[in-house]
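Think of it as A, B, C and D in the order they're written, each chain with its own count starting at 1.
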Amino acid sequence: MTVRFGLLGAGRIGKVHAKAVCGDANAKLVAVADAFPAAADAIASAYGCEVRTIEAIEAAKDIDAVVICTPTDTHADLIERFARAGKAIFCEKPVDLDVARVKACIKVVDEVKGKLMVGFNRRFDPHFMAVKKAIDEGRIGAVEMVTITSRDPGAPPADYIKRSGGIFRDMTIHDFDMARFLLGEEPVAVTATAAVLVDKAIGEAGDYDSVSVILQTASGKQAIISNSRRATYGYDQRIEIHGSKGMVAAENQRPFSIEVANGEGYTRPPLHDFFMTRYTEAYANEIASFIAAIEKGVAITPSGADGLAALQLADAALQSVKEGKLVKVA
Amino acid sequence: MTVRFGLLGAGRIGKVHAKAVCGDANAKLVAVADAFPAAADAIASAYGCEVRTIEAIEAAKDIDAVVICTPTDTHADLIERFARAGKAIFCEKPVDLDVARVKACIKVVDEVKGKLMVGFNRRFDPHFMAVKKAIDEGRIGAVEMVTITSRDPGAPPADYIKRSGGIFRDMTIHDFDMARFLLGEEPVAVTATAAVLVDKAIGEAGDYDSVSVILQTASGKQAIISNSRRATYGYDQRIEIHGSKGMVAAENQRPFSIEVANGEGYTRPPLHDFFMTRYTEAYANEIASFIAAIEKGVAITPSGADGLAALQLADAALQSVKEGKLVKVA
Amino acid sequence: MTVRFGLLGAGRIGKVHAKAVCGDANAKLVAVADAFPAAADAIASAYGCEVRTIEAIEAAKDIDAVVICTPTDTHADLIERFARAGKAIFCEKPVDLDVARVKACIKVVDEVKGKLMVGFNRRFDPHFMAVKKAIDEGRIGAVEMVTITSRDPGAPPADYIKRSGGIFRDMTIHDFDMARFLLGEEPVAVTATAAVLVDKAIGEAGDYDSVSVILQTASGKQAIISNSRRATYGYDQRIEIHGSKGMVAAENQRPFSIEVANGEGYTRPPLHDFFMTRYTEAYANEIASFIAAIEKGVAITPSGADGLAALQLADAALQSVKEGKLVKVA
Amino acid sequence: MTVRFGLLGAGRIGKVHAKAVCGDANAKLVAVADAFPAAADAIASAYGCEVRTIEAIEAAKDIDAVVICTPTDTHADLIERFARAGKAIFCEKPVDLDVARVKACIKVVDEVKGKLMVGFNRRFDPHFMAVKKAIDEGRIGAVEMVTITSRDPGAPPADYIKRSGGIFRDMTIHDFDMARFLLGEEPVAVTATAAVLVDKAIGEAGDYDSVSVILQTASGKQAIISNSRRATYGYDQRIEIHGSKGMVAAENQRPFSIEVANGEGYTRPPLHDFFMTRYTEAYANEIASFIAAIEKGVAITPSGADGLAALQLADAALQSVKEGKLVKVA
């Protein structure tokens, strides 16, 4: 079986997914839609697919699934439309920045028995997958404490910040998802601190750039998240899980594994400086997982419910900062 | 000048300090006191010093300084007595488990212009000193986020737990001191979570064995502390500081730096499994620093005030856990 | 410009190159030939190219370049034929196992001003390229001593050994090429030792499985090569260059960068266990470099002369073992 | 039992051994002799021992053992004298630079059933000891290939070079001893290359500063040694053993285990820059081993025969360089 795809949104991340779809032996990119014709044309000519309108893709009989890479504020509407149209849906995170809207959207998907995958790409990074596998194989016993260090190479412009929903919903949300993925038990309480240490413009936009979060589950498992919007040494993405029988950690990735030694010491190159080069394999694996789930007719994860859960943790973290207290999560 | 020492308490940590005093070219161990004559005798014969009573050491004219390694509940009284006797005092942490008692004790020391050093040995670990030096040299710019991972090889017996003052005052207190040492700015708020994941007996003794803490300073700098009473891979002691220009971290230490590779992978040995072997150099450096400060007549750090500040953070962390809120620290 | 390719040989390595050609925006795979129709068909259907005979590809006007992945004993003949046919040639190493035959072949290529690249893929590994770049940028000063550790995951069957030309011509030849590439000066003397330590069948086939080689240049620079046909921990591929101002080294590569710690220690996974997964990027870069050289009309490296030089070092190493002496190389 | 020591030679290495003797609970430093009274006095006052003449130490009834740290050309004579005087002897390497003289000296020691340990300190480094233990425990199966990288931080002055016996007898000799120690089988053949790449003055003194050596045993095991008289990044001391079941390696040591990351990359400090700080523990362990062997009345290693064997390999390496051939060793 070949899963036939329509791509909605031909921007930066759209190109990544187009490539992943075209590189998968079980998938075919049939059409692309974008508000900017030039962007759609570029993908169409690079991958030999058609340019269509969103409406045409919605109505198309030769399309089984869509990848939604349009602006965030269109996600929920498009999910609802394409779920009703009977297409399997891969949607970039987040479904929406508003919990109520996300819940409504998921309700629609559920009503039509739609298939929805939310793009938490990190679950598909080979190194993090190996961490998860080590846990699942019992190599570290029961998970007790998860530590996630996640720092961006550089802060985005204030304009982006304003539309982002804030650091917890925009950046930490990936870490909330990873924490849920790795803890193996839902967090029930969140406490967080936040500050503006990197760029005053971020503070002026009403957001933070440096945050620390603790999540706790009902049985007492804990997850710590450390975020900064800037790391001079590259895209810092580490995960460590401490368990009853041991510890497992995923190291940072760098493009070149060399070391130069001289009187100054031993120096390895900086890390990847861009999320797309860091997570190249994760993006491809994510789409492959989506395709495989469609083919096999099995449940798709991370699901809309996963997207909702991460967003609720983000909201709780923000509330914790604002109110100076531990916030319970349902 | 030779600083002449009396040692109060000839137990495990007393022996460590006896060795450090005797190995220092500027110091001499004159006498030792212990409630158990056999313990005092062992040190006396090993290092060629006298056995005396505490009272005799207090009154001795041939003793300039004392090292207090007696049980915690005697520390504050002994500090007051020996401060009044004009001896320079090195006291194992903590001064006391009660903030009011510590304050009263420090007041006495200040009134008699006494000299008091509190045994936060980790400040003197060569690797952590190198971290501090890197910060002070500006290699990472302004400190923003401190991450301290501190896990004991194994949980102490419940009996110890009962007398310990609880994990925050007994174990995390070292990390609170390191956080203060490295942040370069006083924490003003504490939030913490705590659980019993390692040993139910610890919970039955009213304590926790797995805790996560966030400290925040007035300017927004943050420190994260992760503690567990058990790590199967040894004594896990890591520090990382993220700053505006870079990051500096101290790696774990192991007794043997070898690696064995085979079909199972590449394996390095476990870490040190005991705080005394892990911090051998720190203990020696700490006493050397105390001696040097006496000789040069300069201020002694970490001081009684440092001991107090760490204890206040411990109390705040416990309050945060109990009340489910961020606790402000004066 | 698009370089149009014919592929000769549709076996394991042929597939790797087919994928590389098809993944390159500046190239197109037009046709494939193989003695086994099924093998050719598989590539043709996977990549949408035609199946043709070698003769047809030789005569084709729609083909600019060929990739030769046929058995070693056909390489020299095919190079001569396709050079005369005016095609640019990428040939898997070696050109031939016999120095005289290689010289004759190169002579033909030179006479017709042909373009020939020999497949020393390691020059194109991103990590080794970063090593070379560090040297070229002067980061380690003048190169003095090169150390190459190259161990296969497991020994090939004796049948392969018999046809291989022996370990020096089959396996070490890659290291001879890297040594030449990195020394920046031709080796003029070779000394080597060799033994059968891994598999007696290899000895019975007249070959060795464990060898150590020293190369020396006229100015005294030295390269050490350590080879074994078996490494239980994976495909061990390390390079280190010691220079007047410092040292640069490329670490081994593993598929997953995780570490699991427990009472046994800290364990990272084994290395890649197959040359194709270890050198995936190198194979793609190699073909891209070939294509770029054709497009730009610049000299192609590694050239036939590079293939010859490495083979001469292999012959010299074998002579050194047989005669127990340092062998001079012209 | 307490082993009572006389120290012959109060120079740099004499001080190291004096400290080791005095720090060992089973030994006592009774007397020191040195041609320079000030040097002897310094040790006498630091460690509370007497200054005596060599003759007085030879005749002393209160001395059981001597440590010989005098200039190399006095070693053999002193060994013979003190062996005849019935003292156990620890002698810094080498016994002598001339094989015939060493043989004669060992003959005398054997005749009087003397006890002689030769100061190959590296066998007692805790990391290298852990490597040996891993081999002895069978963790890597049968030893096949030993790789020793040994580079000094900086070249000694030409004056030293002239008296040194040349790089093979002065520097590589330590690596020859380690190779013998780790191979578990005697080398029977040596091939080497040598050059002057670091300092022309070394060449003018008739020596080399950059050498590569291969040793081979009767069964085909191989050891590679890479030496340079200069490494900008510190004292480079690595050992790796490849075996039938795996590999074991000892990493380099540095005084501070920190890492600083910024836009330039991740930098760890240089290695130790002095053999005495690198091998501090090895020197103490070596003397402790000597003392323990005397106390237990067991055979002492490394013995005079070990000193001889390493010297013969050094001579063979030099001959290999001079004659351009593999040299057989008896």
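Following the convention adopted for this analysis, a contact is a pair of C-beta atoms (placed from the backbone, for glycine too) under 8 Å apart; a residue touches a chain by one contact, two chains touch by 3 or more.
This one's a predicted model, so the numbers in the text were calculated from it and none came from an experiment.
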Looking at Cα centroids only, farthest away from chain A lies chain D
Between B-D and A-B, name the chain pair that shares the greater number of C-beta pairs in contact. A-B
Would you mind pulling out the distance in Å between where the CA atoms of chain B average out and where those of chain C do? 57
Provide the C-alpha centroid distance between chain A and chain B, rounded to the nearest whole angstrom. 41
Junction residues of chain B - those touching two or more other chains: 232-233, 245-247, 261-263, 269
Chain D partner contacts - residues on chain B that touch it in the complex: 126-127, 130-131, 134, 139-140, 245-251, 253, 255-263, 269
Once bound in the complex, which stretches of chain A touch chain D? 232-233, 261-270
Per the touch rule above, chain A residues touching chain B in the complex are 142, 144-145, 147, 149, 151, 189, 191-198, 210-212, 214, 216, 219-222, 224, 226, 228, 230-233, 236, 242, 244-247, 320, 324-326
